[in-house]
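Below are the structure tokens for one structure; questions will follow.
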Amino acid sequence: MIRLTRRYGFSASHRLHSQQLDETANRQIYGKCNNPFGHGHNYVVEVSVKGRVDPETGLAVELSALDNLVKRIVIEPFDHRNLNEEVSEFGSLVPTTENLAVVIDQRLRAAWPAGFPRLEKIRIAETERNIFEVNG
Amino acid sequence: MIRLTRRYGFSASHRLHSQQLDETANRQIYGKCNNPFGHGHNYVVEVSVKGRVDPETGLAVELSALDNLVKRIVIEPFDHRNLNEEVSEFGSLVPTTENLAVVIDQRLRAAWPAGFPRLEKIRIAETERNIFEVNG
Amino acid sequence: MIRLTRRYGFSASHRLHSQQLDETANRQIYGKCNNPFGHGHNYVVEVSVKGRVDPETGLAVELSALDNLVKRIVIEPFDHRNLNEEVSEFGSLVPTTENLAVVIDQRLRAAWPAGFPRLEKIRIAETERNIFEVNG
Amino acid sequence: MIRLTRRYGFSASHRLHSQQLDETANRQIYGKCNNPFGHGHNYVVEVSVKGRVDPETGLAVELSALDNLVKRIVIEPFDHRNLNEEVSEFGSLVPTTENLAVVIDQRLRAAWPAGFPRLEKIRIAETERNIFEVNG
Amino acid sequence: MIRLTRRYGFSASHRLHSQQLDETANRQIYGKCNNPFGHGHNYVVEVSVKGRVDPETGLAVELSALDNLVKRIVIEPFDHRNLNEEVSEFGSLVPTTENLAVVIDQRLRAAWPAGFPRLEKIRIAETERNIFEVNG
Amino acid sequence: MIRLTRRYGFSASHRLHSQQLDETANRQIYGKCNNPFGHGHNYVVEVSVKGRVDPETGLAVELSALDNLVKRIVIEPFDHRNLNEEVSEFGSLVPTTENLAVVIDQRLRAAWPAGFPRLEKIRIAETERNIFEVNG
């Protein structure tokens, strides 16, 4: 069994603001991330899968198929986007990086092909000092 | 003479759209950066100064004074901001990273204290693959 | 459940020398790290916690509270310090990075607030080629 | 218990081509990696061990012994080599990074000294976007 | 005037061997890089141009045009290639990174479009510890 | 003409304290760097030379000769050392990174062999956010 990790990136903007909290609580909890005009990041996403090495090909996953899936499900709909306005889940969820990791995990699991090795982990870094991981 | 470089960072959102161009030209020139909802980046800014090493202190610049200046003039007004909406120069200028470098250079030169070593270079990276420099 | 990792740094000096070993053994085991005048490193510390995402805020931990804790318990007492002379545990323990990881883990666990998500892992890099992890 | 990771590197060339597949399948599966003249990479290898911290020395492993082992078993026979032509296992195995991770793991386990802490993980990065891990 | 740098990468193999030197001199000068089976690297190439910022678009260069040029002239013919066998200049030149920088510089200058900003510098890193620059 | 840069590293401790200043001035100017017990860093040193590419060998400098020189003149006497106590120039000079860059530049120039390409630049990073350069 081997674990393979692929790294991808996307650039997006967001605003942290919870509709369940009043203005004072929003400002206190999210600080400058609550700025109504928003701000943005270069997000780095790593997708890890775990599977057997095929003895004939020496491969654990068909990389181009994995890349195509991640690009279609995650990169295209998130890159150069405003997460609050253009990613449907964030109509109700606050686009914290915690929720971003959960949404990416859910989207990938829903689209995961039957023959693929197991999706093991999603890791997303908002900056190099701020990293979030979901283990399915 | 020694050259000293300090690295800073800020996270901001922007939209590339020129009021001097029509919709078609904007979409063609800026591509996905023209998305009306905007997107964002973790910008890395490096400020380089050139000066003599003080024989008494062994220092070329008082670092805390340089840091305070850059924080007041650049980081505070740009970090966790929407550049189009919240940075005055980008009311008329398109917030490309070229113009961002020029604006940072102009703001720092306008506020540069008399006793400081010479401001030599501004370097700003939008991503690690996209880097812009202005030599005063 | 999500895992959140925050990265911090501190610069310190140390000397590797065991009071339980004679001079020859110290020199043989620690080599140039046994130099009586000491040497130093830029240490990178990562603190990982594991918790639920609050459905109201979308956060797994209050970041400013975590940062304040790590700064008070680890960064302030270790940064720009001589570990042998200024960190009490290293009066008797050799300040290897193994012991540094254990001490940081112990200090954080002793001060960990009741309401915080679980402290899962301490990771400390002495250089980018030399990395140590403690899983509580 | 502590986990210690050491990072090493080597530069090698390879060609991905399976003798069990015909030319068309080889080209389709491996793409440009099937180029008959080969190509190459700067591989980064991380070896992780898990062990107790010796109370006398504060060390979990004798680093120079670990380094000597990895250099003799992995770096010397792989660095500045053509993997297909000069590493015996790749006479029959395709030198994908999956198989490279498995071969490094097998070689290290076969030579692992009795007194060493447990070999826990091999991690090899072909590029910074393509990472493979074996947990023995 | 602004300087813009774009970063690209390619993975290739090579062998350092001069037809003007005998076997002994080749082994002495190139060491393990003279291995007849070759080896390889992940090369990082940076292309720097210097130009005026267009007041209408805020851009110093049309990025997609620059990217297309570099991909056609450098990345496609070098990536996943054996430099000695597949890049014509290295039929007679030794594919040291010095010569690689010179060849990339010459190829780009020969194909440089009239309307482009000035090509100022080529930087190529064989590893992160080994960097070469040509200023036209 | 080509510019070649080699990257090296060393780990050292130091204390910033000027004998020409009183205690109050030392504390004010150097802050926590004035701590009498000292602290330390992983310094990264880059040495850049500029020369012609030899048409026979394709090399601008004999790398092993350059490496041996830098190791003998800089790395051996500075690595795992206390700069104040063990590097003679810092008996009278304050070991700021400015002075460290000047001392490395002077030591290398004094030992520079006649046949070597021109020593063009010394770059030293105390941390990745604090960088100093001397152009001979």
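Here the chain labels run A, B, C, D, E and F in written order, and each chain numbers its own residues starting at 1.
Basically, contacts are C-beta pairs under 8 Å (C-beta built on N, C-alpha and C of every residue); 3 or more make two chains touch, one makes a residue touch a chain.
Remember, it's a predicted structure, so these values are computed and weren't measured experimentally.
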{"item": "Comparison of A-D and C-F (more C-beta pairs in contact)", "value": "C-F"}
{"item": "Option in C-F, B-F or D-E whose residue-number contact pairs overlap E-F by over half", "value": "B-F"}
{"item": "Distance from the mean Cα position of subunit D to that of subunit C, given in whole angstrom", "value": "29"}
{"item": "Subunit B and subunit C: spacing of chain centres that average the CA atoms, whole Å", "value": "34"}
{"item": "Subunit A and subunit F: spacing of chain centres that average the CA atoms, whole Å", "value": "42"}
{"item": "Residues of subunit C engaged with two or more neighbouring chains", "value": "none"}
{"item": "Overall pattern in which the protein chains touch one another (line/ring/star/complete/other)", "value": "other"}
{"item": "Parts of subunit E lying in touch with subunit B, wherever the complex brings them together", "value": "1-8, 53, 56-60, 62, 64"}
{"item": "In the complex, subunit C residues that touch subunit F", "value": "9, 11-14, 32-33, 35, 37-42, 79-82, 85-86, 127"}
{"item": "Residues on subunit D engaged by subunit A in the complex (per definition of touch)", "value": "16, 18, 20-21, 29, 31, 93-96, 98-99, 101-102, 128-135"}
